[in-house]
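You will see chain A twice below: alongside chain B first, and alongside chain C after that.
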Partner chain A sequence: MKRLILALIVLLAGVLPARAIDIQTIDVPGVGTAWLVENHSLPIIAIQAAFRDAGTAQDPQAKEGTATFVAGLLNEGAGDMDAAAFQQRLEELAIEMSFSAERDESFAFMRTLTENRNEAFRLLGLALTRPRFDADAIERVRKQLFAAVAQAEQTPSAVAAKRWYAAAFAGHPYARPKEGDAASLKAITRDDLSAFAASHFARGSLVIAIVGDVTPEEAKALMAGAFGALPEKATPTPVAEVKASPPAGIEVVARPIPQSTIVFGHAGIKRDDPDWYAALVMNYTLGGGGFSSRLVNEVREKRGLAYYVYTIFAPFDHAGIMLGSVGTQNERAAESMAIIGTEITKLRDQGATEAELALAKKYLTGSYPLSFASSGKIAGELVALQLDGFAPDFVAKRNAYIEAVTLADVNRVAKRLLAPENLHWVVVGAPDGVTSTVPAKK
Partner chain B sequence: MKRLILALIVLLAGVLPARAIDIQTIDVPGVGTAWLVENHSLPIIAIQAAFRDAGTAQDPQAKEGTATFVAGLLNEGAGDMDAAAFQQRLEELAIEMSFSAERDESFAFMRTLTENRNEAFRLLGLALTRPRFDADAIERVRKQLFAAVAQAEQTPSAVAAKRWYAAAFAGHPYARPKEGDAASLKAITRDDLSAFAASHFARGSLVIAIVGDVTPEEAKALMAGAFGALPEKATPTPVAEVKASPPAGIEVVARPIPQSTIVFGHAGIKRDDPDWYAALVMNYTLGGGGFSSRLVNEVREKRGLAYYVYTIFAPFDHAGIMLGSVGTQNERAAESMAIIGTEITKLRDQGATEAELALAKKYLTGSYPLSFASSGKIAGELVALQLDGFAPDFVAKRNAYIEAVTLADVNRVAKRLLAPENLHWVVVGAPDGVTSTVPAKK
Partner chain C sequence: MLVFKAVKVWAAIILLACLAGASPAAAAGVEVKTYTLKNGVELLVLPDHRAPVVTHMVWYRVGSADEPEGLSGVAHFFEHLMFKRTKRLKDGEFSKIVAENGGQHNAFTSYDQTAYYQSIAADRLPLMMKLEADRMVNLNLKPKDIATERDVIIEERRMRVENNPSALIGEQMMAMLFMAHPYGTPVIGWKSEMEALSYDAVMDVYRQFYSPANAIVIIAGDVEPDAVRQLAEKTYGRNRGPKAEPRQRRAEPPALAARRVVMEDSRVRQPEWERVYLAPSYRAGESKHAPALSVLAQLLGGGPTSRLYRRLVVDDQTAADAGAYYSGTMYDLGQFGVYAMPAPDSDPARVRQSLAAAEASVDAALAELLQNGVEAAELERAKRRLRADEIYARDNLMTLAQAFGRALTAGLTIEDVLGWPDRIMAVTAEDVRAAAQAVLRPEGSVTGLLLPKAEATKP
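The block that comes next holds the complex of A and B.
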């Protein structure tokens, strides 16, 4: 067991007060390495686990929604307990257990009172290694997924995002809706679900963070019990590297509603790109600063055109994107879009100011401790860091990476990464004077 | 300053391990009493504040939505800072600050890094004592509220709840939608907003909990600075006591959607009712146990009729309600409703079992520590306890109140409180064979 004491105060004097997050890495026999943060102030243990290469990009062709379907079934019965028995046991012991699937990974979260830790980890292990996929549970969850898909079809932001991904990643698994659609959900069989779990949940793909009222020795035993019975290696389908390349132009999805919900974006960068921190700082100035970005100032504050406007750089395992969104009245959609285009062009061509750089750094470094404000947040953050390939000492170094970004860096990545002429806009609503210039992707 | 060490272990051996939540009550000069939980493990301070008698029930006639509108404007500029300047300052310092209005109270939540505490509390005080209500901010927030009302009108659960409250509290402020409607929002002027803030935000109405990296002396100074400039007394409009009395029967809100969202309920009890804990235990068996209630077993598990089904007893300052909800396919709505009615009748007439009582107690006592799982949750829980009139030692006593409930108590309150023949059902969707039996309330 390595033990790393991250005395943030030493490295980041002035940014953080005298407090340290002590991340231990522990070797769990037969399972692998996990990150642990001990906190005995409350009788609660939280664990977040992720399986790499087990997300919705792994859904078989014409069976979109499989990973999401599996996640929905993992707490619907395991081992010799059917759904009712399993959930009653969780409830009796006040154990929270949930599963979800994102594009690249599947996630498990569990939170338990210390006193119930043995049973809680046993149940988590059962859910992952011996899910039942009972026929009645499958049909119940299938109906819930149908309902969720129908609901998403009525939700402008969900429609806009779905269309944007379809356009940006045409032909690649990232293009497909994470929840599938009515036809693909109907096509998924019990065998599909079992096969997905068996081929994707393995020790070799597992990433774990455990936070709370537990010692390293206890944590090792609990995790060995929960995860030791998983197969050694997963057999995921290879996912190709891809560049987000939606057609430049506008796709209007007509809906008889008074507001337009707009999603726009183009290619971005992956997390390991050397320009990642410069892009983060640059994007803060563009549209990432909650209330102090150029887009918010120009679109929302000065002109009152929009309810919200933002941009993010989002990294996936096999691609990166720059994505933004704005919500506005139909009659102001065209003007909002024009100003967003102008601001992106201005930042690319003329760069940012020293004052903007200072503000961005101040926020991005100062807000970092809030990522660690609760056990659940800590566990989530530490799993994300592992998925991105970092060591525990990243937490202490991270703000220095931000501080090292220069104005020249920001202006260089603005030129490298912003391409207003390449933006693909999806507009859901009845926008005045805005018409489609590119066809929708199926 | 009184200091109460709540050694839960002593009172609740076996339920909680050796951990104590140390709630201090501190007298803030010129402000009043606040509850404090010190936790120096992270450099973060969270504060939750509530103003009694400052909720949406205080909205002036034909100006429904006023309290919500005010809450939406409090971080849109204060003192000599306009909205952009105020929000930029919050962002620079990574301060989270939000405001909301419920039926009885208005709430403020703030979270800050320790190093920025002085400025954070100053800004919170400015927002509450010197909100600007600038014309452009008012119009921006008004548009956001229009959008939210339009969105709620498309959301079946929001429509169902709104109709149910309208029916249950006809003629009383609780009947009115918390967010107002398009007409009432249009009618609200700057003077209405200023008048609401001036007459409802006062030291005499204030309830505070502060949690985190702060000493009692520091907390006193911070709170005196933030709240000292508030007027001494509020001048709320009296709100009459009321009994929820919706007409027994069914109200169908026709919508061309494949699922029906159903809300049902009748009168309940207030928080200070001597039967509160017995009702809590009884409701766990009926529909309050997430996965182990009779309704879940009969409607969801055995028959697969619904995606979810639950009941709650909700207390307001001037009324109590029993409310439930179920989501189902249109063709199964009628059967779901029939079974819910049957189960409520059975519990009332035949009572619960010892096994159900034991399960309910085990869950309700065992899950209580999860209410204190993060600084924000602790602050919220402690404000709720104060609003309900409890002393800090309630936290240590609460589980004993649950344990004291007998099967005779449960069966008595089931007879007293359950009245399936009085249920008012609102069904939003296209339910097969379900028709309105009572007219909709306006």
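The block that comes next holds the complex of A and C.
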């Protein structure tokens, strides 16, 4: 067992107790390596697990929604327990267990009181290795997915995001909605569901972080029991590398709503890009920095055009994107769009200031400890780090990467990454004076 | 079971909040130190040394229900304006200082409270206390500051409410449920009144409610209580202000008629059915029923083992999801709600039928409960679940601080919060039945149906 003591160093002027977050890497017999943060101050154990290459990008053609469907069924009965028995057992012991699918991975999250840990891990293991996929449960969850699709269809921000991804990744699995659509959900059979689980949930794809009231020896035994019966290797479908390349221009989705809900974006970068940290710092200034960003200042503070406006750089396994969003009354939607375009152009052409660089770095380094403020947050953060291929010592090094970013770096990545002329805008609403300049993707 | 991203509780929209508060949670094992400063500031310190971070919250006993009539939304509007300049800080400087110290901050307004908070490295706490103490008494708002921010809150209303038919019917239902009491007015305000909010109206909120005696400061995290107390004396302790005045709200007249709200909206793709009952809260009305109502909401509608889920989703198959909730941490009356989401359909006639079927299932489940009471096993499960939730709440500084802040600003005491788990564990089957009989009365309820409009075209 490798044991690493890592200090969460906050690189700020002034004194701060260099408190350690002690990440242990433990070898779980027959399963592999897991990260553990031991803390016995509360009688709670939290675990997050992720399966790589098991997300919605793996949904078979015309069966979009399969990964989400499987996630919805994992706590609907396993082993010799049907849905009612399984859920009743969770409820009796107050075990929280949930599953979800993102584009690249499927996730499991569980939280239990220490006193129920043995049963909790047994149930988690059953859910992942022996899901039943009973016919009645399948129809129940199918109905819930139909409802989720209908809800998304009446939620302007969901409509806008869905259209944006469809345009940015046309022909690639990332273009498809995570929850599928009514037709694809109808087409999914029990065989599709069990085949998806069997071919994607395997030890070789598993990433685990466990946090809380548990010793390394206990953790090993619990996880060996839960995950040991998984097959060794998954057989995912290869997903192609892709560059987000939505057509530059505007796509209006007419809806009778008073506020235009707007999503805009273009290609970004992946997590392993050498410019990642410079992009993070640059984006803080543009639209990532809450009340401190240029976009919030120009759109909200100065003009009262919106309640929210932001930009993010989101990395996937096979692509990166820059995405932003704003909501403005129909009468002034065009004004918001113009200002956002101007600000992006300005940052690209004129760069940021030393003061903006300093503020971004101070915030991004100083706020890092907040990512470790609860068991659930710690587990989530540690799984994310493993998925990105980092070692536990990343936690100690991370702020130095931010500190190393110079103004020249920020200005260089602004030129490299910001391309206002390439933005694809999806406007959901009834915007005055804004019309489609590009056709909608099916 | 699919976890719906937006579990809807029409009744309780907390503006700007990132977290929905649990019940008056928290517990036996929680270490809480309390102090009252000479000027009336109440200080709570919740030490937690797991990480070198702290959550600092300032709660004021003012919410939308304390607003003068005709000025709906002014409490929330004022909350936004608290981020403008003070006698010491320029416009925008507050947020900048928090950010350059690596802090995250925000604020929210609800019916009974307004709260401001920062999460930040623990050694930055003194600075945060200085900033909050400063704006408690030194806000230097100018008439020119308010126009753009008023546009912002109206955009906030468009986003949260007017773009969202589900939120719109929720407003209509609350307005029907509370015929006189200000809980019937949305926290964010009615648009026509928001548009007219003036500089004088917001300054009246500041003068009347923002004073040491009306404030509760809660600090959770990696701190030592005595040191925090000394800091508080040096910051908040120096503020002066008037005594807090008793909260005066209009009383709710007796509810004598079951009410129905039917809303057709062409934007609706997912129909909804919900019924909300006037209920006692932990403070007001027949508050002895409150713990039993918390248990009732759990066993009736807290997840896939609950009665409503079993009946509607599993057995009758009249809904894709169903549940119940109890909003009991209120200064005045609370609400008890049940809801169902039938299968989506764009044909209004069929939707009417499916809503009627869901309603019949809910009514049957409620009738059975009122007649036969609850079983020992389900009661035990619900109580254990609530007790565990309270332990889970302690895992998150913000959740814990929120539980205390919400309870105290709803007129409860620290003892109420600490004693809550014991009261839950003491609830009997007879208590649950008595509470159900007291609350689940048709004449104290509003039933809402949200459905697509006839001329809706298929997407």
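Just so it is clear, the second predicted complex is superposed on the first by the 433 of 442 C-alpha atoms of A that agree within 3 Å, B and C clash if a C-alpha of one lies under 4 Å from a C-alpha of the other, contacts with A are read in each partner's own complex, and residues count from 1 in each chain.
Assume contacts are C-beta pairs under 8 Å (C-beta built on N, C-alpha and C of every residue); 3 or more make two chains touch, one makes a residue touch a chain.
None of the values given here were measured: they were computed from a predicted structure.
Q: Sharing chain A, do chain B and chain C clash or fit in the superposition?
A: clash
Q: Between chain B (first) and chain C (second), which does A:367 come into contact with in this model arrangement: first, second, both, or neither?
A: A:367 sits against chain B and chain C alike.
Q: Scan A:359 for contacts with chain B and chain C and give back first, second, both or neither.
A: Both partners.
Q: Once the structures are superposed on A, label A:233 by its partner contacts, choosing first (chain B), second (chain C), both or neither.
A: In the superposed model, A:233 contacts neither chain B nor chain C.
Q: Is A:186 touching the first partner chain B, the second partner chain C, both, or neither of them?
A: Neither chain B nor chain C is touched by A:186.
Q: Just chain B (first), just chain C (second), both, or neither: which does A:376 touch?
A: It touches chain B and chain C both.
Q: Could you tell me if A:153 is touching chain B, chain C, both of them or neither one (first, second, both, neither)?
A: A:153 contacts chain C only, not chain B.
Q: When both complexes are superposed, which of chain B and chain C contacts more residues belonging to chain A?
A: Touching more residues of chain A than the other partner does is C.
Q: Mind working out whether A:115 is in touch with chain B, chain C, both or neither, as first, second, both or neither?
A: A:115: touches chain B, not chain C.
Q: Considering only touches as defined above, state whether A:98 meets chain B (first), chain C (second), both or neither.
A: It touches chain C, and chain B stays clear.
Q: Mind sorting out which residues of chain A both chain B and chain C touch, each in its own complex?
A: Chain A residues touching both partners: 16-17, 19, 39, 41-44, 83-84, 87-88, 91-94, 96, 111, 113, 136, 140, 143-144, 146-147, 150, 154, 257-259, 289-292, 297, 300-301, 304, 307, 327, 329, 359, 362-363, 366-367, 369-370, 372-376.
Q: Given the complex with chain A, which residues does chain C contribute to the contact?
A: So the residues of chain C in touch with chain A come to 1-6, 48-53, 83, 92, 95-96, 99-104, 119-124, 147-156, 158-159, 162-165, 222, 266-270, 303-305, 310, 313-314, 317, 320-321, 341, 343-344, 381, 384-385, 387-389, 391-392, 394-397, 459.
Q: For the complex, give me every residue of chain B touching chain A.
A: 16-17, 19, 39-44, 83-84, 87-88, 90-94, 96, 111, 113-116, 136, 139-140, 143-144, 146-147, 150, 154, 213, 257-259, 289-292, 297, 300-301, 304, 307, 327, 329, 359, 362-363, 366-367, 369-370, 372-376
Q: In the complex of these two chains, what residues of chain A are touching chain C?
A: 8, 10, 12, 14-17, 19, 21, 39, 41-44, 46, 68, 71-72, 75-76, 83-84, 87-88, 91-94, 96, 98, 100, 111, 113, 136, 140-141, 143-151, 153-156, 255-259, 261, 289-292, 297, 300-308, 327-329, 358-359, 362-363, 365-370, 372-376
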